[in-house]
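Before I ask anything, here is the structure I am working with.
Each chain carries a letter (A, B, C, D, E and F) given by its place in the written order, and its residues are counted from 1.
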Amino acid sequence: MSIVVKNRERADRGAVEALAGFGVATIHEAQGRVGLMAPYMRPIYPGALITGTAVTVSVPPGDNWMIHVAVEQCQPGDVLVVAPTSACDCGYFGDLLATSLKARGVLGLIIEAGVRDVRSLTEMRFPVWSRYISAQGTVKATLGDVNMPLVCAGALVNPGDAVVADDDGVCVVPRQRVGAVLASSRAREQKEASTRARLAAGELGLDVYDMREALKEKGLTYRDGKD
Amino acid sequence: MSIVVKNRERADRGAVEALAGFGVATIHEAQGRVGLMAPYMRPIYPGALITGTAVTVSVPPGDNWMIHVAVEQCQPGDVLVVAPTSACDCGYFGDLLATSLKARGVLGLIIEAGVRDVRSLTEMRFPVWSRYISAQGTVKATLGDVNMPLVCAGALVNPGDAVVADDDGVCVVPRQRVGAVLASSRAREQKEASTRARLAAGELGLDVYDMREALKEKGLTYRDGKD
Amino acid sequence: MSIVVKNRERADRGAVEALAGFGVATIHEAQGRVGLMAPYMRPIYPGALITGTAVTVSVPPGDNWMIHVAVEQCQPGDVLVVAPTSACDCGYFGDLLATSLKARGVLGLIIEAGVRDVRSLTEMRFPVWSRYISAQGTVKATLGDVNMPLVCAGALVNPGDAVVADDDGVCVVPRQRVGAVLASSRAREQKEASTRARLAAGELGLDVYDMREALKEKGLTYRDGKD
Amino acid sequence: MSIVVKNRERADRGAVEALAGFGVATIHEAQGRVGLMAPYMRPIYPGALITGTAVTVSVPPGDNWMIHVAVEQCQPGDVLVVAPTSACDCGYFGDLLATSLKARGVLGLIIEAGVRDVRSLTEMRFPVWSRYISAQGTVKATLGDVNMPLVCAGALVNPGDAVVADDDGVCVVPRQRVGAVLASSRAREQKEASTRARLAAGELGLDVYDMREALKEKGLTYRDGKD
Amino acid sequence: MSIVVKNRERADRGAVEALAGFGVATIHEAQGRVGLMAPYMRPIYPGALITGTAVTVSVPPGDNWMIHVAVEQCQPGDVLVVAPTSACDCGYFGDLLATSLKARGVLGLIIEAGVRDVRSLTEMRFPVWSRYISAQGTVKATLGDVNMPLVCAGALVNPGDAVVADDDGVCVVPRQRVGAVLASSRAREQKEASTRARLAAGELGLDVYDMREALKEKGLTYRDGKD
Amino acid sequence: MSIVVKNRERADRGAVEALAGFGVATIHEAQGRVGLMAPYMRPIYPGALITGTAVTVSVPPGDNWMIHVAVEQCQPGDVLVVAPTSACDCGYFGDLLATSLKARGVLGLIIEAGVRDVRSLTEMRFPVWSRYISAQGTVKATLGDVNMPLVCAGALVNPGDAVVADDDGVCVVPRQRVGAVLASSRAREQKEASTRARLAAGELGLDVYDMREALKEKGLTYRDGKD
């Protein structure tokens, strides 16, 4: 049976938007290093950063029918997250779907498959993180699910979770944890700011992080190359 | 035996040039979704679009001698299509060969192997779609064929076929079909233009494409996430 | 046992800097086609070219502790070369470490693993050639070695060797051979300049390189496609 | 924080054992084609079939400490399911750990990383499905979790879920669904038995499945190759 | 449009069967080193050797409907050759289809996608060369072609061509060339027999193939490691 | 320039043979976890274990001429180690070369490329660890080196080093370290024997290795799943 769940609760909009102040690396650290998608998920153009709420779509290989179904479930601030039920490099998504999503206020697409029309998407500034780029089209013959939990590129995504994506990759923050992760991201960033200043001034991480004793205990040995 | 075929008939120049009005995705659709190379064929810089006629070169692994032989067979408007007889990541092609091809009016290179000097090639605006980028040079010791049919990145290429390449990948249009594919590309584009306008105005693909009934028949079920 | 070797002799600074006049492809050719890293080592942004002296770091999978140790061993003009003891796609390195290295005059990073904060690194113009881009952080729990010989992406790197990296990849020049390789690079470049001019003027490589006789002897046959 | 959850409820033992009457392909079909791990998970020797209950282990790259912790949580009939927090090809597991698990009645190992001592494991008939085979050892320095939900090779695994593995791969059946999946597997098998007999007798699937009309409606056309 | 071509002319049965006296490596050499599929095509069990005539099937990703259509076109001595229109790792084929093909005298399957029920297939001794093994099933919703030329794993296959497969991989011999290739295979084998005897007796290939002079001319230099 | 070094000093024969009492995993541990080749190096049949001394061969892509040259340099107890100068999946080696090597007492082949005639090699019991299996032949046109240091599958191999290979992969032991590694292998094995007995008797690794305190200090927390 194929199901579309409507009106899924989303993570708090304000908190999700505030995550945009941080990158994927910081947020991933701040939530305890979980929820990162595999590194083969790459942006189609550099420099994009989005933070939105997930509308999930499970699609058969080579069939993008459910993406059309999913568009209707999208709200401004959403991010579409698409995973095929088995590995497929087809181009599921192009400029027409992007036009439609943009008209609904969707911020971008995360897809563990292929995307096409990347020049148009780049010109439209509709960011996509995908596993492949391919002109190969898909059919509309078989159903899947919308807004059901799924695994995308190794990460569990529940509908309404926050999704953060930038040049480093894609990270999922569970809906209920967005506030806490935002707080830890801020704390982490503040702490890093002073560290960054010290390192820029030439201090060594060995001293800033006070590592010398621990390294010595572990058995680190220094030798002079000139001897 | 190693063969070079001279004066291969090319696809109609005017029609091939007219294909440049469309992208690879549109042309691939317009010809019935055949002839696409594997998605590992990527451009060395973004934004290039070429449409030309194929001069094919079959090369041994790690040996680019036949590319030098092929240059002589090239005419303005041609695209060089190179496939190794077994998988090889060597850099078969650099700025000297590009200089030579450019002097003959060749539009670009498609190679299911490696390319080098990519910074120079980018500055020259000589576009290349390749499987690898590698500085590893090749030898000139063993022969291959020029202008014989070959399989490049999973696509059959006959000499004189039209080759279209952009940021989405590379597609081959058989010589005799170029006119027909051009016509269908135009038809497709026109149809998409009005669809695009409707989607941009906020209409849903579900309605534009009239999918709701078919989805219901297939068993699509809606559920409210708030219940 | 884990070892840090201090004060490793470096390749001659002047000669290493002079290598910057050539690209990786030329230098690799000039030294007899050895020392090239695997083509999966890609720059995080296009256009960078560095030539420096290697400080080598062997790291456990998922553990970047030794990179912090290595920073102290770096001098202006060095390049950090990091290889994990088994394949790992973690993001070992980000903007804080880059800040620290930059403060010490280090020119860039070569890492057969992952890197993160690539947007910041790009803005800082701190070039990195890596196998992966990933936000996944690492721990600081297990030791490795600094300034010991290692294999990085298939190439043997001895501490103090010259490392050259550009859009074509990464090449290692043994410390003692830098002068000789510089000389052959110059010779090669000079020779290529005149060849380039002839090719640009429309002469064929077949004639410039005088290949016709050898091809004929090997059995190359011409046939007319119109017959 | 690192957590070990003790006494996780397991799927019903009798039902799990009954699944052994079917292969992964049948069970995967019977539960609606969800829960299959990626096809890179391969058995170290052919012919093994296990059905057990999952004890899950999340491990850092290159660190197998938590596997030792997990052994204590295992009961007869369990299957250990191990996933690294980032991709790693180390050999996390060898004959000593297998000896220990076997002593506790554990049926096998599923690991999205490397395994070693495969000859000994084969002789012991301790089956392992892994992504890699590698002699590279691991350290014991950093914690992970035991019996927390995780994603292994693209499939969500909750502790106590049924895990089925054979030459076709690995499939996860949620704890609460084991009874239902067992029933559908039986139904499916019965239906297939009669189909198999008809096909063996030379009837065509086109007729057995009554496909001819549907194919015709879709536009399937027959042509004679002799014309 | 989707087409099934009936009654395609096959390569001469007697000659095809005679090819079974040679392995893929010999036949590939004998026909000039063309027609070999990519090395990722592996047998599901060792030791099988088949030589038959190709019935080709082009299938959409994740859809095996056309395989059912193709069965009807098979004759004793045929080999089914299946290629998806884009990369897909689904398990298109299992023991039911094998039962059906076996009933029709089909010798085996070549598929550039996934296969399942490999234990049953092994027990049935129905050999399959595939790119993947996966339990993931397929749908029956979209058409493809039967007995049209296709590219499978990089090799062009025309219906009726001879297909040879063993532990070394899969090779295609064009229908019209089977007789000639058989003759050269025999010649090659005879020549190799005497070479084998000489090598087994301790003669060196350097002398058997009379290579010393050519090596010397190329510049091969000997040095003593004891000096 | 291409060089063949004759009469390279080998590791002590007795010690090398004694290594056969241990597997790759043990030896790799015993020498401090260095020298392991990448896990894509797989045996063509299961169950083989060889320990010999390396004769190294550097070959161009698609060219096996130097293997013929290398045969002459082999002595009983040697293992041929072949690495291409760039990635190549050709079948460099088949039953004729194996016949010749066997006649000289060579124990097996390690090749970071392809091998063919695997059925014959299996029947001859001539073990090969390779990256690929492929029937694609090679040419004899370009030189390489014999008995010069090279990097094979990520491991540095010096001529005369000990090479150990089994179902877990391939490990290189530097010539001068063979004695020491043999001693540590023995020590390791002895220690493991008693551990194995304790684990087989049902003791937990947590207790055998005395890990509980360290885990607690690191912050490991237990929770009951029934609460």
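We take it that a contact is a pair of C-beta atoms (placed from the backbone, for glycine too) under 8 Å apart; a residue touches a chain by one contact, two chains touch by 3 or more.
Source: prediction; values computed, not measured.
**Q** Going only between touching chains, how few steps reach subunit F from subunit A?
**A** 2
**Q** Give me the step distance from subunit B to subunit D, shortest route via touching chains only.
**A** 2
**Q** Between copies subunit D and subunit E, are the contact residues mostly the same numbers or mostly different, with half as the line?
**A** different
**Q** Suppose each chain is reduced to the average of its Cα coordinates; what separation in Å results between subunit A and subunit D?
**A** 28
**Q** Taking the mean of the CA coordinates per chain, how far is subunit C from subunit D in Å?
**A** That gives a centre separation of 42 Å.
**Q** Between subunit A and subunit B, what is the separation of their C-alpha centroids in Å?
**A** Result: the chain centres lie 30 Å from each other.
**Q** For subunit D, jot down the residues that touch at least 2 other chains.
**A** Counting only residues that touch two or more other chains, subunit D contributes 33, 36, 39, 85-87, 89, 134, 136, 142.
**Q** Dump the list of chain pairs that touch, please.
**A** All touching pairs, sorted by chain label, are A-B, A-C, A-D, A-E, B-C, B-E, B-F, C-D, C-F, D-E, D-F, E-F.
**Q** Name, in rising order, each residue of subunit B that touches subunit C in their complex.
**A** Per the touch definition, subunit B meets subunit C at residues 1-9, 45, 65, 68-69, 71-72, 89, 91, 94-97, 99-100, 102-104, 114, 116-120, 122, 132-137, 140, 142-143, 147, 159.
**Q** Spell out the residues on subunit F that touch subunit C in their complex, using ranges where they run on.
**A** Within the complex, subunit F contacts subunit C at residues 1, 33-34, 36, 38-39, 85-87, 149, 151, 154-156.
**Q** Can you list the residues on subunit B that touch subunit F in the complex?
**A** Spelled out, the residues of subunit B in touch with subunit F are 60-63, 85-90, 134, 136, 139, 141-142.
**Q** Would you pull the subunit C residues touching subunit B in the complex into a rising list?
**A** 23-25, 28-29, 33, 36, 39, 42, 46-47, 49, 166-169, 171, 192, 195-196, 199-202, 204-206, 209, 211, 215, 218-226
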